[in-house]
Amino acid sequence: MNTTSATDSHATEHGLSTIGYVRIALILAAITGLEVSTYYVDFGRLFLPALLIMMVIKFVMVVSYFMHLKFDNKVFSWLFYTGLFLAVGVYCAALATFKFFG
Amino acid sequence: MNHIESTSDAVPQVHMLGRVMRRLKPMVLGAAGTVFLASCASNAPQDTWVPKGPNAQKIDSLQKPVFAVAGIIGVIVAVVVTYSVIKFRDRGQPIPKQSHGNPALEITLTIIPALILAVVGVFTFRTVFDLNKTSDTQMIINVTGQQWWWEYDYPANNEYGITQPIITSGQLVIPVGTKVMLRQTSRDVIHSYWIPALNGKRDAVPGRITINRLEADEPGIYAGQCTEFCGLSHANMRMEAVALSKEDFAKWVSNQLKTYAAPAENTLAKEGETVFLNQCTRCHQVNGLTRADGTPVIAAPDENVWSGAAPNLSHLMSRNTFAGAMFNLVTPECRTDVWKSESLTFGAKYLAGVDEPCLNQTDLRGWLRNAPAMKPMYANPALLAATGGKYRGMPNLGLSESDIEKLVAYLLTLK
Amino acid sequence: MFTPGSKYLIAITGLSAVSFALYMLLVHPSALGAVALIGLVAATSLITGVALFTRDGHTPEGQTSAATVDTPTPSMWPLIAAAGLSLVLVGTVTTPIVFILGIVAILAALVEWTVQAWSESASGDRSYNEGIRERILNPVEYPILAAVGIAVIIFSFSRVMLAISKDAGAIIFIVAAAVISLVGLLISVRPQLKKSIVSAIAVVAAIGLVGAGIASMGFGMREDLVVAAEEDHYSHQECGAEKSDHFDKGVSETISATSGADATIELLDGKLTAQVQGIEGLQDSITVRRSNPSNIIFRNKDAGEFRLKAYLGKKQIADGVSEDLITCTQLISEGAEQWLTLTINKPSVSGEPYTLSIPGLEGQSIVVVVP
Amino acid sequence: MAIIERPVSLEVQPLIVVAPATPSSAMGAVKRPVVTKGWRQWVFTVDHKKLGLMYMATAMFFFLVGGIEAVLIRLQLALPDGKILNADLYNQMFTMHATTMVFLFVMPMAAGFANYFIPLQIGARDVAFPRINAFGFWALLFGGLFINLSWFLGGAADGGWFMYAPNSGPIFSPSHGVDFWTFGLQIAGIASLTGAINLIVTVLNMRAPGMKLMRMPIFTWMILVVQFLLAFAVPVITVALFLLSFQRNFGATFFDVAAGADPLLWQHLFWIFGHPEVYILILPSFGIISEVLPVFSRKPLFGYPFVVFSGAAIGFVGWGVWAHHMFASGLGPVSVAVFSISTMAIAVPTGVKIVNWTLTLWGGKLWFTTAMKFSIGLIVLFTIGGLSGVTHAVAPSDTQQTDTYYIVAHFHYVLFGGAVLGLFSGFYYWWPKMFGKMLNEKLGTWNFWFMVVGMNLTFGPMHILGLQGQPRRMYQWTENRAGEGFFNLGFWNLIASIGSLVLVVGVFLFLVNIYITARNGKVAPLDPWGARSLEWMTSNPPKEHNFDSIPTVHHLDEFFHRKYAEDANGQMQQVATAEQVLKQLEDNADAHIHMPSPSYWPIILAFGLPVTCLGLIYSIPLAIFGGLIILMGTFGWALEPSTAPDSDFDPPSSGDTSKDVVHVG
Amino acid sequence: MWFTLDNLATAHDTHEGAAHSSTGLSNVKLGMWLFLGTECLLFGGLISTYMLYRGRVGTGPRPSQVFDIPFTSVSSFVLLMSSLTMVLAVSAAHKRDDRSTNLWLVITALLGTTFVGGQVYEFTAFYNEGMGFSTSLFSSSFFVLTGFHGVHVTVGIIMLLALRGMLKNNKVPGSRSETVEMIGLYWHFVDIVWIIIFTLIYLIPA
């Protein structure tokens, strides 16, 4: 789990075991279930933040575990998250000029 | 600085200028020269440095110091570079010490411009919000852009005697000293409304209403031009804002509200009215015009023009321009007379309108003869597939010379 | 240096260039025709170029003899070409899709057949020949086989989904996914499983899916989709009673354009008022531009469901007959707001004024003035 | 040109290649294109240097095309009511002038320099993905030709390079010009994106041992920043272009106001791309002059880390300023104020660069070569452009200046005074490296002065024109609004037009210089300028594999430090000549050098793109055909190993020694 | 796609390992992650367009009228699970377990295909319910966004199946496990895009 040093990045044993992956998948499935439940159950004011938080959790879990970003070299995280945060920042700013957020 | 008054005199100046430029490094002149020279003289009618109203004044008092600071910095850089170039040229001195910089100096030279910009930023911030204030509006005018002219309509406003909405085009008429709010939009593409002497520009965006504010200090005509590229005749989409004293404005309003007076029977103008009815009312509305049976004539530009409207020609001869202010409705002499008159006499001269001696017959007749030849417009029937056969601009109506004669006589009655 | 094949290609290129020149000079050229012909010139010259510089057909000495000795390998492509031909024939009398399928099959067979035949004369070494065949065709075969495979699955699956009810659809979907995953799991944990069994499962599944797809196609779409297509039941925006029970009353969401409203019309305590930006106070008339879509926000602050109705004059439909031009918002409940776009082409010079009113609420109206 | 090397060991003499075992047959198309002669060595090459040169040649061609368009524009505007072009043609002309200069000249030219010199500067033998590199070039060339094809098929795009909706919609621009523009830029965008990813990975991953990030030459640094900007900006314009083509070709209504669309969406998407694009255009030239100034000042770049970080800061802040192109569009005061401030903020790192260049000159031992002249010219002219930029960072004054000739003046000072002068500096500086011959310095000086004077005559008066209220994009100006006196528009318009002809002479002199140099130019010595960075530690022009042995880097300015050392008195003294340094590398030549083999697939794949796009405009079957080419190209590529196996090489036929000999020139 | 499958390592040949590169990382993987970073801006733009236009339905149906949440939940779930099978394929490839690699690649492709099948069904149903591509701004931006995603999934499936064939015929140039891993990264990215689309577009009503 701590094979983050540069030379080991190619090691075949990095990442989780099969059971570990299945466990992650089960958690993801559970969160998805919870997300879908917002369609049936009224969450009130928590609706929007809860959905967004669950979305982020799922996103980060897939990226970190399935895509190995957690175990890989930081350069990869850096490249990917630069694009991601740039996209979020720039597009949110653009939508804000359309008074999208209220 | 010795100003040169005419183009012909300016030519030798160029040579001198060229020599100076080559010697002094032209770049210095480019920025500093512009800053300095342009502040001394102003001649083109759309000069951005001659504010004639409080909005433009606010912009001006913000931008002139910025230009000055920018000019000074530009000169400093140019001088330092020139000095280094002369001082440190290779005279056989040994290879200099390989120093990699001086962080303290660097940080200082980073902080100084940052501070200057911070100060500029504070003033910018204040001016932006100042210029966007709308709570003190005294008068509203709806401005509608269309390829390639502007339409102005004045909603009813009892304070200014506008009992019914007024609609006009070509020249925007406003009372002096009044905070006018323009509610702008467009019927087709994005246009931009700009009267440099009164305010900066603001786009007219279709589907949106943008707010622009004008206020003129003194009577006069202020030139402007559409500045957002809007297609074929973008260059010909001009505007003029006419500021009248409050009394003159009231007179203008009452003239605009005057009911339609049909020309006398058996005159050329009466025949012209018939031609107008047959040819022009498909698109052009003249309020109060009736058919022989007394029913009001209501134009249907939306059936012929893609963007949906054509200028309303009621009281055409109270305006000094036509065809999107591309042409003057008055001869150059009469135009000069109005534009250059003192602010006290200006109102009376403008309100006199256009009468036959002053009428710019050449352009008006040319326009009636073949409009697309005088202003590029999409009027070729072969190219109208995209708009379902509708024109974008006035087509060639194929009028005979006698029809044109009659029409001109008729139009002259639309005071 | 020029082989017969190259000469043939050069001739074709020349011909197409000549035909392009003739077309441009003699016929009234259309852009499409010009593009087609220049495309032909480009394509043929490309092929010619490839053929020339790759020394195609130029067989180095001493290598031809071996190839001719070997007998050609058996090939399935003639069969596929024949099948394609019959599909074309069937297609001409039935549907164009079959026809196109036939054409595609013939083209594919021709290409494969040609390359195979060509590669077999390359050398005497059969595996080497197979190698060059793969080198040319694998780049096409891999993606196209994959694409055709998934296209069949996608098509069949979506037909099944369209045929069954919404609820059953979701269940079938999840069951299908679960079966796929379970079969995967099964095969993965049982390495001793025979290859033939796995293949058999795959074949049965494929036949089953395609069969179900064809059956569903025969069955057609489920009832409510057919009805929906006929009724167009989400599109109704009328001023009277709404026809469809699919009609949605929570319409406040439809406002997302936050700039560009000419006026806000508010219903409060049974009173209809207008607010215009830049003018203080509540108005009983608004001015909108002629020939321009003007947007109005209708805000309901009273209990109950109301809609705003705009009367926009009359439209002559025949001589002497005319009908009212009316447009409405949907019914909106308390606290909701909705967007209404009016386009009025005629100035309000004479006749009845244009008005905004609330059906069922007498005496309240806003006059719309068009200069 | 150089040989195509095979995966074969290079023993003592690395340049002579032993023929591999003879394969059994040659079946044309199925072989790798390993030919080393004639046009094939160019068309199928994956060598970064050849691709760099092809990028530059392409860019130069489009520079001339764009220049002709510019001259036509200026001739039209020289006198009132110009009649040379009609309104329609004029609109096409300025649209294509900008499009050509931005997308087909400055960007590819910078890409050419980057391709050629990045691997050399970081001590690599090629880029990370050589075939992608080749693909990028061909896609760019085809994309550029595709856009210009519209001239012959019913007229070019006429909506301005910013192509604001709804004026770019099918109603307002019914010809296919905008379609060609959209698809052509899409193709060029793919080229930029692949190129960006390639160069970023190259810089991050292929540096010579010891070449830490903070030892990289500034040019490499600036290119790295530019490629990051490109990588993240191109997808944004891709979205915008997709939306536009869906509207124009498939009936969507993304910018159709009647359907409720908001035209400002296009403006946002375009400028989110468009503003980083401005820095994409200018930063490579900043990099070039940051190489040139230290070399000819004989001292290191002043404040190297500051220049690096200011470049990165420009790249970063460049993402937060796009709406300053929209100050007049009615965004609302909050947005305007925020973007106004952020725009001013970006002036600070830009100022840092100017300060550092000036201080690099300070205390140096200046040698005024043509390259140096262009660089110094850049400092001053770019400063003017930068300062006029600050005046319209101030949003209220921008509402007076935007869309007038003042803006035209501003960005031509930035892009011509900045970007173009930098690129010319690069030509003169690196020409000996690329071609082994020195460009004529005397002619170069003339070239410089004509360009600088011409550029100031052309664009200087535009400041006046703009402040006097002449809007941009007018196909005519009228005497009516020209005014009188010193500032009348007529006089300054005429001056600008005359200036543009002077500029033409300047560019023509450069072409003459190339011709003369190619005919009988002086052969370049190994180290003509006393240079400082790794790209000069090779032969002129470099060998195909760049370095016989990969140097280990110990310093910033490694090459300089191998030639000079401080003596006891702290004076710099030469300790080795360039020849000695190179000899040392040659003596330690690597035994195994594997170079990637040429490939058909990049050009085939790139060719599929314009075919598909042409099909999307005119006929869907053609698009399907193009799609098949793309598919085949992609998978043919995927199935092909990077380095060809031995069996792909033909045996050298007797008497033909050309394959085994290094061709230079 | 072209560089997903690219194995170009030039002077740093793959068999010599990535140890020669400056960061010790593989070129292809660096390129892949960068590419995914840029894809964020592509999908960000499409999502923003949808967000801006989702309420502009004209006379057509509105999002909540046509969306079938139970169905979409299932299809999201299927795509999520395909990420699991993909990661199992990558894991098997690293262990040089060819049988499992092939198996999970095919299973992933099948799950992906069901997802796309579901999307085709959904589009057809929407069309029948009066929501064509050019019906309204909402429908155009919805179809463009989900269509782009669908195309990405389809490209992924083609790559998976082609890779399966290439593995079988031993035609993968370069490192097999790395090629599988690269396609895996792409596949997971497509999945995380759908995680966002599912929440922002389907679950949060306009």
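As written, the chains take the letters A, B, C, D and E, and residue 1 is the first residue of each chain.
In this section, a residue touches a chain if its C-beta (ideal position, glycine included) is under 8 Å from a C-beta of that chain, and two chains touch if they have at least 3 such contacts.
Since the model is a prediction, treat every value here as computed from it, not as a measurement.
Averaging C-alpha coordinates per chain and comparing to subunit E, the farthest chain turns out to be B. Taking each chain's centre as the mean of its C-alpha atoms, the one that lies farthest from the centre of subunit C is B.
By number of C-beta pairs in contact, the leading pair of chains is B-D. The most central chain, judged by C-alpha centres against the centre of all protein C-alpha atoms, is D. Inter-chain centre distance (subunit A to subunit D, centres taken as mean C-alpha positions): 37 Å. Subunit A and subunit C have centres, each the mean of its CA atoms, that are 31 Å apart. Averaged C-alpha coordinates give centres for subunit B and subunit E that are 52 Å from one another.
Residue positions of subunit A touching 2 or more other chains, listed in rising order: 75, 82-83, 86, 90, 94, 98-100. Counting partner chains per residue, subunit C has residues 138, 142-143, 256-257, 259, 293 touching two or more of them.
Shared interface positions of subunit E, defined as residues touching 2 or more other chains, are 23, 25, 30, 34, 37-39, 41, 45, 52-53, 56, 70, 73, 77, 81, 88, 162, 166, 171. Of all residues in subunit D, those touching subunit E in their complex are 124-132, 135, 193-194, 197-198, 200-201, 204-207, 211, 231-236, 238-240, 242-243, 246, 250-254, 259-262, 265, 269, 593-596, 605, 633-635, 637-643. Interface residues of subunit C, counted against subunit D in their complex, comprise 31-32, 34-36, 39, 46, 50-51, 53-58, 60, 63, 119, 122-123, 125, 128, 132, 135-136, 138-140, 142-144, 257, 259, 293, 341. Residue ranges of subunit B in contact with subunit D, taken from their complex: 3-7, 10, 14, 18, 21-22, 25-31, 33-34, 37-38, 41-49, 56, 58-59, 62-63, 66-67, 70-71, 73-74, 77-78, 80-81, 84-85, 88-90, 93-103, 105-106, 109-110, 113-114, 117, 120-121, 124-125, 127-129, 131-132, 188-190, 192, 194, 196, 199-203, 205-208, 210-211, 223, 225-236, 238, 306, 328, 376, 383, 385-387. Residues 86-88, 91, 159-160, 164, 166-167, 170-172, 174, 257, 260-264, 297-306, 328-330, 332-333, 336-337, 340-341, 344-345, 347-348, 351-352, 354-356, 358-359, 361-368, 376, 379-381, 383-384, 387-388, 390-391, 394-404, 413, 417, 452-453, 456-457, 459-460, 463-464, 466-477, 480-491, 495, 556-557, 560, 564, 570-572 of subunit D touch subunit B in their complex.
Listed in rising order, the residues of subunit B touching subunit C in the complex are 134, 137, 140, 142, 144, 151, 153-156, 165-167, 181, 183, 185, 187, 207-209, 211, 285, 287, 296, 298, 300-302, 307-309, 312.
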